[in-house]
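Next up: the structures, one after another.
Both complexes shown next keep chain A, but they swap its partner, so chain B is in the first and chain C is in the second.
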Partner chain A sequence: MRAYKPKDDVQKKPYYTDRFWVAPQVPKQPVESDEIFAADLAALQEKFEVLDAYIQVEQMVVYINPEDNFEVLKFFKEELTYDQLSELSAIDWLAQKGEFEIFYQMLSMNKRKRVRIKMFIKEDQAIESVEKLFRSADWSEREMYDMFGVKVNNHPFMKRILMPYDWQGFPLRKTYPLQGDEFAQWYEVDKIYGKEARDIIGPELRDTARIDRYDSERFARLGHEVPKGAPVTDDDPINPQEYQEDEGVFMIKKLKKESSVIVDDPQR
Partner chain B sequence: MAQQPNRLRPFFENITYDRDDNELVLNFGPQHPSAHGQLRLMLHLQQEQIVKAHPDIGYLHRGMEKMAENMIYNEFMPTTDRMDYIASSSNNYGFALAVEKLIGLEVPRRAKVIRMMLLEINRLMSHLFWLATTALDIGAMTVFLYAFREREYLMDIMEGYCGARLTHAAIRIGGVPLDIQPEFLDQLKTFLDKLPKNIKDYEDLLDENRIWRMRMEGVGIIPKEMALSWGCTGPMLRASGVAWDIRKEEPYELYDEVEFNVPWSDKCDNFARYRIYMEEMRESAKILYQCIDMYEKCERDGQTELMAHAPKYISAPKLDIMTQNYSLMQHFVLVTQGMRPPVGEVYVATESPKGELGYYINSQGGPYPYRLKLRAPSFWHTGILTDLLPGHYIPDVVSIIGTTNIVFGEVDR
Partner chain C sequence: MAQHKVNFTQDGGLPVALTTIDKVVNWGRSNSLWALTYGLACCGIEMMASGASRYDFDRFGTIFRASPRQADVMIVAGTLTKKHAEFIKRLYDQMTEPRWVISMGSCANTGGMFNTYATVQGCDRVIPVDLYLPGCAPRPETLQYGVMLLQKKIRSQKASRAKKPKRLM
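Right after this comes the complex of A and B.
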């Protein structure tokens, strides 16, 4: 039987992992080890439920409920002076737990601290847009939708941003194929001319360096060039590939010192 | 007059270009020479004034985040070059620093000094390129020629170091691959000695230039709140009255050991941004002079290490690989399988010439990052055009796009 390949994660996999391999962890510190973060977290915990919090690589990571995201970010912006939303995106955990992880990376300039606010949402669960708090979220949320298909409520202009507007699928999901499949080569033919034209036109050719002998519109023929539109004839010149050297490639059998030159100045 | 869809253009651009309410829709780009790459702007015009702007990006999207998830860490390094291709070492550096923070590496001092020199050279190259192209967009051809002459000199220095002029890949995770070439310091000093005079030349051409000032002063005003809300960083933020430079505030490498100022302005307009770019070039030169001294001190102290020593993650020096069995085995595993950083995540921000360049890496202990998010400053500097352009006139669009200094390799990634 052919080996079964699960389709929920088609990303590249390491071809060998030692059977005794145990991955080490990036160390986590308790939030109490930093007084500024500890004060921020205490203020946050009074108002909202905090699922988990720790410090990793000098930045505080806070897990909250996804329903609170707007209010928590508002609290961070207005009460705790985290005045910039540097980044916002998702991580695909659909294969493992059927969830997306959303993170908001925030910066406080007067505290010189960075905080990452994280939450888990189900695949079809929508989150609230934070565009009213940070205009930068306008484009970030569009990108997040474009790449993962995470739905965002109350966004002013939810449209794909990087991929074409009629694109199907979400490229950064782990299930998204890494190469075009057999349907991809028919995409443009089907779209422009219809499926019935497949026999006439043929699949899309993806080799950009390909030379078609019967293409009379281009100037390239195998081994020589012709003017544009030159007709294809059977008596095309045969141009065998030639090397510059007459008797094959020049090889040095034995280097004679007196016949070689040492170049002092590499710039010459 | 609505477009008629047909099979060749199925529902292409459902836009009415000429409308009854006297509003004209102008399609700017994606091949416009002053769009600095592949920016497409849909501008709604009342007469010559813009009432609505809608930037459309994605024409250079290559899916770098997806590529990163399917590459070992060292493999991804040359790909980062293709983000901000005007200053590619700063992209390399941001990625290398993020991975080093993830695995907790300390880089040898000599490598740090070399990295700082490369970063500042890249900043100068980027700012000179910015000045040249923006001046050309405004119509000042001479500045373009002068600034490109100086940039050419810097590119030659970079070529001497790493063999490439644009896509350097000059920095490795754990250090730098090479020591600088013997003539590097002399060439750099020659350049730096001339630089103040060159900057003075540009300023003489532009500062009191009537056209330049009319196109720049009071145009493209970004208030402080708007800059913060839109995630502006770098010169865009500093021109809006926030003196925030990551090199100063969250110093990495040896930036806490060098003396430099952070130029900022509260004028918030195009001219303020232009002044900041010019002053930053002077500050970069100041840093480079100090780096030269630091490098010479490393030389005197005999600090010759260029790569960190971490056999689990970094290959041994070439000499060890060629002579010692265990180093060769390690090297083989690291090249074929790749390093496996610990499980965890990291967000590292560095001050690239354009602004805050951040790398978020989520590692699950495998040789490929589970998720890598590239935080490119130009992405938001393009987004802000939505709010910034309305109210301006058509010629202002060109000067505003110029001073935002967006590079599309970085916007689309």
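Right after this comes the complex of A and C.
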């Protein structure tokens, strides 16, 4: 059995406090330790500038210049048979380096190997779309734009994909507050009713567990309901359904035990 | 005996039931509450279960309709995202009066566990709500009880259409 740890107040504390915290890296091996990767890297280095390369968790990681991204991916797809682009996105390093790290995760089914191609771009720098090579890049690049604000050149439909088109801000940047900036918090009110409705509707209540038992405008106790706005006391009467037999609603009848049948065969 | 030969003044009285207009109209309204098919997230599964054979909403006269123009009650079953907020308002506006709203589950009540930038913190920020069902997800029994409470609420209202608006907005 697992040792017991007191769990008081676990929910009260966030599981991290530093939002720029970076997990420690797992050990890296040189590329020469795997002959398939070594051959791939040698072929790549003949044509393109490689800034850094290593193997981590049995995957080769290659750093290249961001201007080469389309040509390098084409080379990997056509010459080195890495014919799937499984994932593509960005990592926000703006606070530390003022840069985004873009990664392309690729898979070769013949070689049974995965490589990750990485590059750094400045905040306002655009990269070239690889949608012509891999259809999967279409939505991934839109998501990268939506979440990080990385612009992609020559994409067929460069719009937000998850957030609404008129959204402001990029939610997956580390500086974006989890509960939204002012625009996000008032988004639905501003859009539907206009800014002047803010005073009437009021700010968002973020305490989801708030219950006021004595507030009959907003809350009701099941079985003890009182009319809306009526004062609530500690000994509210039980307030059952009104049956026809008790001069209640026509056709809403009580269940008669004697005339009902209990089916105890589960396979009925 | 043939109908035209019945002498109502002698044989058991006239076939007349006396009631108020309010009662008769509300009896009709409350016993055929047609709900809008509006599953937004996981709560929608429980809503579908309530409509299916085991729980059988049809017993209460509640049938799911796919068009807001044919629906009386909107069961907001699930997470209302900010992107979707304008559409819930549009669907609500398309429903004909009289109309009611049940907010089903923590997400629709308060935003629930999604205390984030992308979720509306309670669908009552956008449309007026008659009944909040607690739970994540509420069981079909809760939804059935909720519908019965809504029926009770309808029966206690006036039938007149010149009702006061529920909320200023």
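The working rule: the second predicted complex is superposed on the first by the 154 of 268 C-alpha atoms of A that agree within 3 Å, B and C clash if a C-alpha of one lies under 4 Å from a C-alpha of the other, contacts with A are read in each partner's own complex, and residues count from 1 in each chain.
The definition used in the following text is that contacts are C-beta pairs under 8 Å (C-beta built on N, C-alpha and C of every residue); 3 or more make two chains touch, one makes a residue touch a chain.
Note that the structure is predicted; figures quoted are calculated from it, not measured.
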item: Touching partner for A:Pro30 - first (chain B), second (chain C), both, neither; value: neither
item: Chain B versus chain C as contact partner of A:Gln105, first or second or both or neither; value: first
item: Partner chain in contact with A:Gln84 - chain B first, chain C second, else both or neither; value: first
item: Which of chain B and chain C A:Glu225 touches, first, second, both or neither; value: second
item: Which of chain B and chain C A:Tyr187 touches, first, second, both or neither; value: second
item: Partner chain in contact with A:Pro164 - chain B first, chain C second, else both or neither; value: both
item: Partner chain in contact with A:Leu178 - chain B first, chain C second, else both or neither; value: both
item: Which of chain B and chain C A:Glu204 touches, first, second, both or neither; value: second
item: Residue contacts with chain A in the superposition, chain B compared against chain C; value: B
item: Shared contact residues on chain A - chain B and chain C; value: 162-164, 171, 176, 178, 191-193
item: Contacting residues of chain A [partner chain B, same complex]; value: 11-12, 14-16, 21, 23-26, 28, 56-57, 59, 61, 83-87, 89, 91-92, 103, 105, 107, 109, 112, 114, 116, 134-136, 138-139, 147, 160-164, 166, 171-172, 176, 178, 191-194
item: Interface residues, chain B side, partner chain A - complex; value: 7-8, 10-11, 57-58, 61, 63, 65-66, 69-71, 101-102, 104, 226, 228-231, 242, 244, 249-250, 337-338, 340-349, 356, 358, 360, 362-368, 370-371, 373, 375, 379-380, 383-384, 386-387, 412
item: Chain C partner contacts - residues on chain A that touch it in the complex; value: 162-164, 171, 176-181, 184-185, 187-189, 191-193, 197, 200-201, 204-206, 208, 210, 218-219, 222, 225, 227, 241-242, 249-251
item: Chain A contact footprint on chain C (complex, rising order); value: 27, 31, 82-83, 85-86, 89, 106, 110-113, 115-118, 120-122, 125-126, 132, 145, 148-149, 152, 155-156, 168-169
